[in-house]
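Below you'll find the structures, each written out as structure tokens.
Both of the next two complexes hold chain A, though its partner changes from chain B to chain C.
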Partner chain A sequence: MNWRILSTHLILTIGAIFLTLPVWVAFASSTHTAETILREGLQLFPGGHFFENYNTVLFVEGGVMKKVTALQMTGNSLLLGLGFSIGKVVISMLAAYAIVYFRFRLAVPLFWVIFMTLLLPLEVRIIPSYKVVADLGLLDTQAGLIIPLIASATGTFFFRQFFRSVPDEILEAARLDNANAWRFFIDILVPLSKTMIAAILIIMFVVGWNQYLWPLIMTTKEENYTLVIGIKQIYQILNEGGELPQYQKAFALTILATLPPVLVVLVFQKWFVKGLVESEK
Partner chain B sequence: MKRVQFEHSPIPYLFVAPQIIIIVVFFLWPAGQAIYQSFLLEDAFGLSSQFVWFKNYKDTVLNDAWLQSAGFTLFFSAIVTFLSLALALLLAVKANEVIHGASTYKTMLMWAYAIAPPVAGLMGNLMFNPLIGDMYQFMNATGMDFDHKLDGFDAGFVVILISVWKQVSVNFIFFLSGLQGIPKSVIEASTLDCKSSFRRFWTITFPLLAPTTFFLMVINITYAFFETFGIIDTTTQGAPGGATTTLVYKVFQDGFRGADLGGSSAQSVVLMLMVLALTVIQFRFIERKVHY
Partner chain C sequence: MAGVELTTVRKTYPNGAEAIFGVDMKINDGELVVFVGPSGCGKSTLLRMVAGLESITSGTIEIDGKVVNDVSPSERDVAMVFQNYALYPHMSVRGNMSYGLKNRNIPKAEIDQIVEKTAKTLRIYDYLDRQPNQLSGGQRQRVAMGRAIVRNPKVFLFDEPLSNLDAKLRVQMRIEIKRLQRSMNVTSIYVTHDQTEAMTLADRLAVINEGRVEQMGAPMELYSNPASLFVASFIGAPQINLIPVRFEAGKLGNGSLSLSGFSDLPTDTDLVLGVRPDALELGKSDQLKMNVELIEQHGGENLLYGALAGVVDKDGNSTEICLKSGQETLPAINEVLELGFDVSQAFVFRKDTGERLQ
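Right after this comes the complex of A and B.
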């Protein structure tokens, strides 16, 4: 092995450690007692309290009002991740289909309306958006949480791009067979887009699961917390409380919030990379 | 445009309706409200409001706190963009070269993409915790008087470190797929012409990656502006003394914590203009790419 190959491996190993170590330390620390962490600092090796700590976090109510378990929060996060990704795929596929396959007068202006969403990320319209959802009585509901998030332009652009690459002959053939617009969409276009749909679903599940600002201002009841916002609240209490800070619980929650999206990315790595690289173009 | 299309009928309107309705209700209407609010001054109880033209802009955008925040945001975005791109490029080039263990390295370097910024922020927060954090003790052991709760520079360091950590994976994925898109024949030809791999990289590979780099720059600036909200909110919360308050964090703070609707809206409108500028740059570039 020559010097060059060695240095390549060295750089890659350092990079991998840099990106992995913090999460590993968080995991190792989540399996110790609060006393150990406070006495010895963060832990590099797992301890013997894995089941005890995760059991407490998952099944015993925590939070300010002691009303929510991590299991419930996981459920809320899953709902948000799935609702967000599926909603986004359905809505953007339908819109992209209309724009690519139909000649209608408002096609161009409507395309620009969809484009406008790129200019208006949630952060620049937080307070008025909150007001709209409050006025519609949707605070603390799944609909209020998910619907405002699913209408951005990226998904529509992605499917528009893909539909344009589908050969025209397919539509010609379908029309000879007297397929109507709906049949063509369901029986031909959707099956053709299967890989694209899978890729987008994976990316969007991760994005949905990881939502922070919107759930933070939308949910006031602890029962509706997702893991990502739940850990922050619980962490704050840990910091303020007079008793021994329960660091191990904070770490366990962090790991629980990290695990599902990481698993999705690892298991579907190929589709995930494809979806990411293609959708951002 | 497709050569063959369905004839016009009410059907396409039904298909676009869900998306358009959501956009109008949750995007255009609130954005319009933000613009409208930015010209209004509300009294202390929110009972009456008065049209004040550009007073809110003058009061909130042209004051020291906002300018400090704008300065930090620019500095922060520049550093985060540069560091996370440089690091990712180095790793991608190496991962593209390596033969043994390539897929293991790839997986280890990309999986952090799945971690939410606020979760990354919380982990960083615990690492820098004065009681238990190894990073905190390490920084102090090097002889620095490190205290990110009191010192603005140290707080900036923490936020930048976590933001870079979180962003390297995305850049890595794009750089690697860009590198893999370079034709083998080009690489082989350049190997024949030039012995130094260092020079080969800067004269052949890097220029070929320019479209990816430029695209990633826009993505990274957007990330530093907006998505780092979760990191800041879980670490410094803009403290000490607004030293790590980005513009987006300030909109949130003034609007929700300070209940200053007019001022927060005026800041929102300024941010909208910034996003507009970024998007125009991005699309100009994409149009140019088509001509290649």
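Right after this comes the complex of A and C.
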């Protein structure tokens, strides 16, 4: 009995170390100077340059043009993450509402068309998407960054399944209660979907935050960089510039970039799990 | 307050399935009419058509003298109590009850007043700020009724409202609904598959079978004067005894069974003799002989079940009959009892069409 508890804990511990070690190495390395990292490789123990490094990254303009701070990039990333997730929830809820509750001839085919787009990730349609945004004159703007991404087959699918599980009698009761289509959506469906909305918001926020390819090709001004792009830019300087590679800054930026999604998940964990496992009916 | 009138109402689904085959019915002001029938007979469909939740293929439905075929559910001024209550799970009891009024732009002070008054009559005043999932089944039921009452509708529609409650609560709520309906004097239609509920609640009953109204009338009229085999077997608990017979040489007979007192019946078809368990009398005569197999003691009365002696059908199965008698009647198992009945209290039906002949 005892050895079983011991062995399961051992396996768990090894797994936990395996998963967290890279994060720890990144954090430890971000508190050393570039010279130490270059001379001794990655660091397992924190060094004495925590404040110095993070201060530089956060408040001193960096990048090729020395125009952007991590703080500003965090702001951009937040905007992208929030716009991306909120946009997706709004659009996919409305789409699912139309598909589930309105009897129109094309509801089913349209749903399948939306569903099929799951098979076509951004990478496949990136050139036409770029062209559309360019023609709209939205290149290098926050709107251009967010709007092409907010249509969501996954979200529509989840909300469709959820709406279908709402008993018909609720709709009928609302109809007898004089609720029109809009009132029914706002007063009944949205509150009922609360946990579902929370779960999708969290997932989509993390996905939006981690977007790489799209911001990379969409943004050319450094003021519009997101954190993820910022990290990439630092490495680029390493390769092209004559200066000493600033590994410690790249690590610091990486740590900073992982914090907000971690916080969001930690804070909303309860809602998130609730939304995934239980339906409040 | 208003009457409801249905004129040759039909319902055909887009896939061609027919649910309602021409129903004519007049429900008077303040009357409580119960639609009763087996599941799938179309009674709920008919109710939903009155509510406007189901379209009408042909015919007309009038509420308060106005044809409402194309009037939306909310404008028909009807309120409905659903089988699973259909309360809004995220709203408090107060929210549930006031939602319909709010959508009608009634001032908030007035809504509060109506809701609180109704909550007091329904004894849910103390629960006004609770969520539906914090309430028991009976309380939810009351909230669902409250939601219907506050609107002060022309017609109340009940769609099997008690079927999710346990037996004891069901009886209690049944009485309460009846009392409430009496005091409010609102025209009501009540759908149920439970014949006891139907018998006890109804001013008038409509027995529905396969999309048609088989018979409509006061509960006791249907009980003592059923128009068809279906009505006879559906109304009454325990069920009416049905004995397969043929009319030969002026007597109803089957095997060793031979009953006189019947006349003018067709001889060329199978017939069914129907006798209520409470119309049978022990030792009155020896018209029927029952081999006692089972005794159910219900306290005030005993139900005796057994096979009818001398009568077998084509497959050799015996015919089970039931006798209702006083609590003192306790024959031994396998004892043969001699039973008699008054011919005027027996019914004869055609087996093929179910039509009543006598």
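Here, the second predicted complex is superposed on the first by the 266 of 281 C-alpha atoms of A that agree within 3 Å, B and C clash if a C-alpha of one lies under 4 Å from a C-alpha of the other, contacts with A are read in each partner's own complex, and residues count from 1 in each chain.
Basically, contacts are C-beta pairs under 8 Å (C-beta built on N, C-alpha and C of every residue); 3 or more make two chains touch, one makes a residue touch a chain.
In this text the structure is predicted, and so the values were computed from the model without any measurement.
**Q** Since both structures carry chain A, what do chain B and chain C do when superposed there: clash or fit?
**A** In the arrangement built by aligning on chain A, the partners chain C and chain B fit side by side.
**Q** Quick one: classify A:Ala95 as touching chain B (first), chain C (second), both or neither.
**A** A:Ala95 sits against chain B, while chain C stays out of touch.
**Q** Could you work out the angle between chain B and chain C as seen from chain A, using CA centres and rounding to the nearest 10 degrees?
**A** Computed from the C-alpha centres, it is 90 degrees.
**Q** Can A:Arg183 be said to touch chain B (first), chain C (second), both, or neither?
**A** The second partner, chain C, only.
**Q** Using the touch definition from the top, say if A:Glu172 reaches chain B (first), chain C (second), both or neither.
**A** both
**Q** Tell me the contact category for A:Thr20 with respect to chain B and chain C: first, second, both or neither.
**A** first
**Q** Go through the superposed model and pick first if A:Pro191 touches only chain B, second if only chain C, both, or neither.
**A** In the superposition, A:Pro191 touches chain C alone.
**Q** In the three-chain superposition, say which chain, chain B or chain C, touches more residues of chain A.
**A** Of chain B and chain C, more residues of chain A lie in contact with B.
**Q** Please give the least Cα distance, whole angstrom, that chain B and chain C reach in the superposed model.
**A** Minimum over all C-alpha pairs of chain B and chain C: 7 Å.
**Q** Does any part of chain A touch chain B in one structure and chain C in the other, and if so which residues?
**A** 172, 175, 280
**Q** Over in the complex, which chain A residues touch chain C? Could you list them?
**A** Interface residues on chain A, with respect to chain C: 167, 169-170, 172-179, 183, 187-188, 191-192, 194, 280-281.
**Q** Which residues of chain C touch chain A in the complex?
**A** Answer in residue numbers: 51, 53, 72-74, 78-80, 82-84, 86-91, 99-100, 103-104, 147, 151.
**Q** Which of the residues in chain B come into contact with chain A in the complex?
**A** 2-9, 11-13, 15-16, 18-20, 22-31, 33-34, 37, 87, 90-91, 94-95, 97-98, 101, 105, 107-120, 122-127, 131-134, 137, 165, 168-170, 173-174, 177, 215, 219, 226, 229-230, 233-234, 248, 251-252, 255-256, 261, 264-265, 268-269, 271-272, 275-276, 279
**Q** Quick check: in the complex, which residue numbers of chain A touch chain B?
**A** 5, 8-9, 11-12, 15-16, 18-20, 22-23, 25-26, 29, 37-38, 41-42, 90-92, 94-95, 97-107, 110, 113-114, 116-121, 123-129, 131-133, 147-148, 150-151, 156, 164, 168, 171-172, 175, 181-182, 206, 209-210, 212-213, 216-217, 228-229, 231-232, 235, 245, 247, 250-251, 254, 257-258, 261-262, 264-266, 269, 273, 276-277, 280
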